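Order as written gives the chain letters A, B, C, D, E and F; numbering starts at 1 within each chain.
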């Protein structure tokens, strides 16, 4: 089955009332693995009272065909829609700080410091302390680095 | 497959991450047809990021077994949960008013007047006017009847 | 009251914090009856903490004026917004299969087979079996037809 | 930190999985105070099962830079996205009616009458009656004014 | 209209498909003003595809009658339901810290420090800095006080 | 900090308006790792318009203290609530089927066959085919085993 996709676009979306939650969560992972910038889901109510989800995906225009193919093969959707969005990415720097011997990357930019979630979660598990505590200490260290 | 249901309860619920929106909407109708007082759905997020739904159903304790059987056969759930709720029903009277020749029942109670949705929707379709307009006129007529 | 609508567009939306759930469900039906391709609702939180809904509708550019008129008359909204979306419809064929004597249409395309919900629901009611069971059997029959 | 914003646009949005509900509600107020036409929030599920929110804001193209700056400083977001929407505002008149000595503005247009929520809420508090009751009476008075 | 309420309970709930977002937000405020411990709202889908809300309220058993009366008068509901919940409140201390001359209360307990949102928001407005920044600094000061 | 937990209960819940999506997703995992039967999240709107989440967790009464400790340490909540629910678990058998050389467990019960999601997802990744396809074939194989 050939998927005929129109000109490349940064945003695409589809609604699903015949996909399960397991399928949708799997699709989010598959979209990111295929190179999407981001992918997320909103709860909706379709016609005839069907609780359903819209899958949103943001991708580079050059990747539209691959991304569309993932949506179609994973969810079996018979319809895709999209539009072009502008993006205003903020400048940011990445540093690595150490919390009790565990390395945690922090992003510094837009007047704030944010710990990389996956690093912080791994450190929290390794140290046996709550995630919130690791995040707080990593961001505090990041602020000292950034001088802010 | 025999469904082993515990003592009758007025509230039951289950969560579904492998049922589709079409199945869930169908289940709500089937539960009401089986005698449930009410049935509704909330959007949830399950483990592993699965967007899903919880089906809620309110029924008379004496109907628990039938209601549970509908949930199991329609959704294939392998687990049901429930508890007993108290209810404080409000007193109300039902009257019928006429809007441009169309009969619309209105409930009067708790200091308010409420048009029966299905009657109002049928009248709106028959008259070719917006639902809001029929509801407003029916409730106005109901207030005159009720003297409030 | 004349509704001034701009150039035709495929997507329109409005948000409602003064419409009831009954009105919104009625509006979805009215939009589809007026020729919309699709219509659906998302839960939102508006300013001042008001839980509300956004009504989304997808229509052909040539139908924009009628669709806008339905939204205004049914919901009384004082504002509409829209943009143009691209669509990438997938190729599909429709077949009819028989499940225990009941005809059920199936759509075949995008590497999958999908039973038409309304046919399957009607068959499930006629046969007294769960919807899931009818869907499974119709799609199995559809796969044999499609040779996939 | 300089926020580099592209050409002015009427719609912008961002998703937040590291902001709290308190921050988001505060941001909605800050956006309106900065001159946004409207701002609202939808619940979403992000990658890795994170329950989160999308903040939506509608603003005049000429205000894009200020609005973007509020989003960045309040939420610390490292990414903004936007597109241009069309709007089809409905014609409306504003009148003031009196309910038990309390002034309540009503908007008349699109075939309907709508009480200004804040006026009605203030009147309800002053009079010690339910909001619904004040709204109903103000809109009834508005309809008599409008002759509809 | 007398509201017949059963024995006092800590949790009550009702579902609303004929109340607007404005009414529901107003009701939350009215419930808190009437002495509820807490009140919140969940989005739901009712029968016939009606997007609606459930209002949840948590109150002391001794206040059940007043709380029920507020729900009935503000929303016009004809039905209320409730059950008793257990609560396990955590121990906490309250301190006041100063951020750039602004007093902000902080709660210390359960191994964490949390700035009082309303104080922090007022300080953020007075100082013209983002809420996040005030919260961070107040909680940092709180941790120094608490020695944790 | 000692967490004082009341008598063991199967259901507990808390609402969070000062936790982020990242924290909440991490908490769900931590609750399951601590032995909860299940844990999930619903979107809510709190007072003052704060979009937030309720974390729900279902656990054995004997595990209440550990589960409560996880909720408190991960989310820093200062309040927990709970009640006892009944459960009506359905009978089921587990089998293993093979799909193109990949083992996938299937649960058979309640008149249905359900592929174990994690096995199916692993097989889909290994085989490079959509999850839906693996699920369909595993459940078909399961039905042949079960003779249904």
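Everything below uses one rule, namely that contacts are C-beta pairs under 8 Å (C-beta built on N, C-alpha and C of every residue); 3 or more make two chains touch, one makes a residue touch a chain.
None of these values were measured; they are calculated from a predicted model.
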Problem - Contact distance in steps, from chain B to chain F - result: 1
Exercise for the section: Please state whether the interface between chain A and chain C is built from the same residues or different ones, using more than half shared residue numbers as the mark of same. Expected result: different
Fill in the blank from the handout: Chain centres computed over CA atoms; the one at greatest distance from chain B is chain A
Fill in the blank from the handout: Cα rotation angle, chain B onto chain E, in degrees to the nearest 5, is 120
Practice task
Identify which chain pair among C-D, D-E or A-B reproduces the interface of B-F, meaning that over half of its contact pairs, matched by residue number, are the same.
Solution key: C-D
Exercise for the section: Name the chain pair with more contacting C-beta pairs, choosing from A-B and E-F. Expected result: E-F
Handout entry: Most remote chain, CA-based centroid, reference being chain E
Key = C
Handout entry: chain A-chain D separation of Cα centroids, rounded to whole Å
Key = 27
Problem - Interchain centroid distance [CA atoms averaged], chain B/chain D, Å - result: 31
Problem - Distance from chain F to chain D - Cα centre to Cα centre, in angstrom - result: 36
Completion exercise
Whole-Å distance, C-alpha centre of chain A to that of chain F, is 22
Problem - Residues of chain E touching at least two other chains - result: 18, 22, 25, 28, 41-43, 45-52, 73, 76, 83, 111-112, 117, 130, 132
Fill in the blank from the handout: In their shared complex, chain B is touched by residues of chain C numbered 22-23, 26, 43, 73-76, 117, 121, 124, 130-132
Exercise for the section: Could you pull out which chain A residues touch chain B in their complex? Expected result: 16-22, 24-25, 28, 41, 43, 46, 48-53
Practice task
Write out the stretch or stretches of chain A touching chain C in their complex.
Solution key: 1-7, 9, 15, 18, 42-47, 49, 52, 54, 68, 72-73, 76-83
Completion exercise
Within their complex, chain E touches chain F through residues 25, 28-29, 32, 38-43, 56, 58, 83-92, 107, 109-112, 114, 117
Completion exercise
Given the complex, residues on chain A that touch chain E span 43, 45, 47-51, 111-112, 130, 132-133, 140
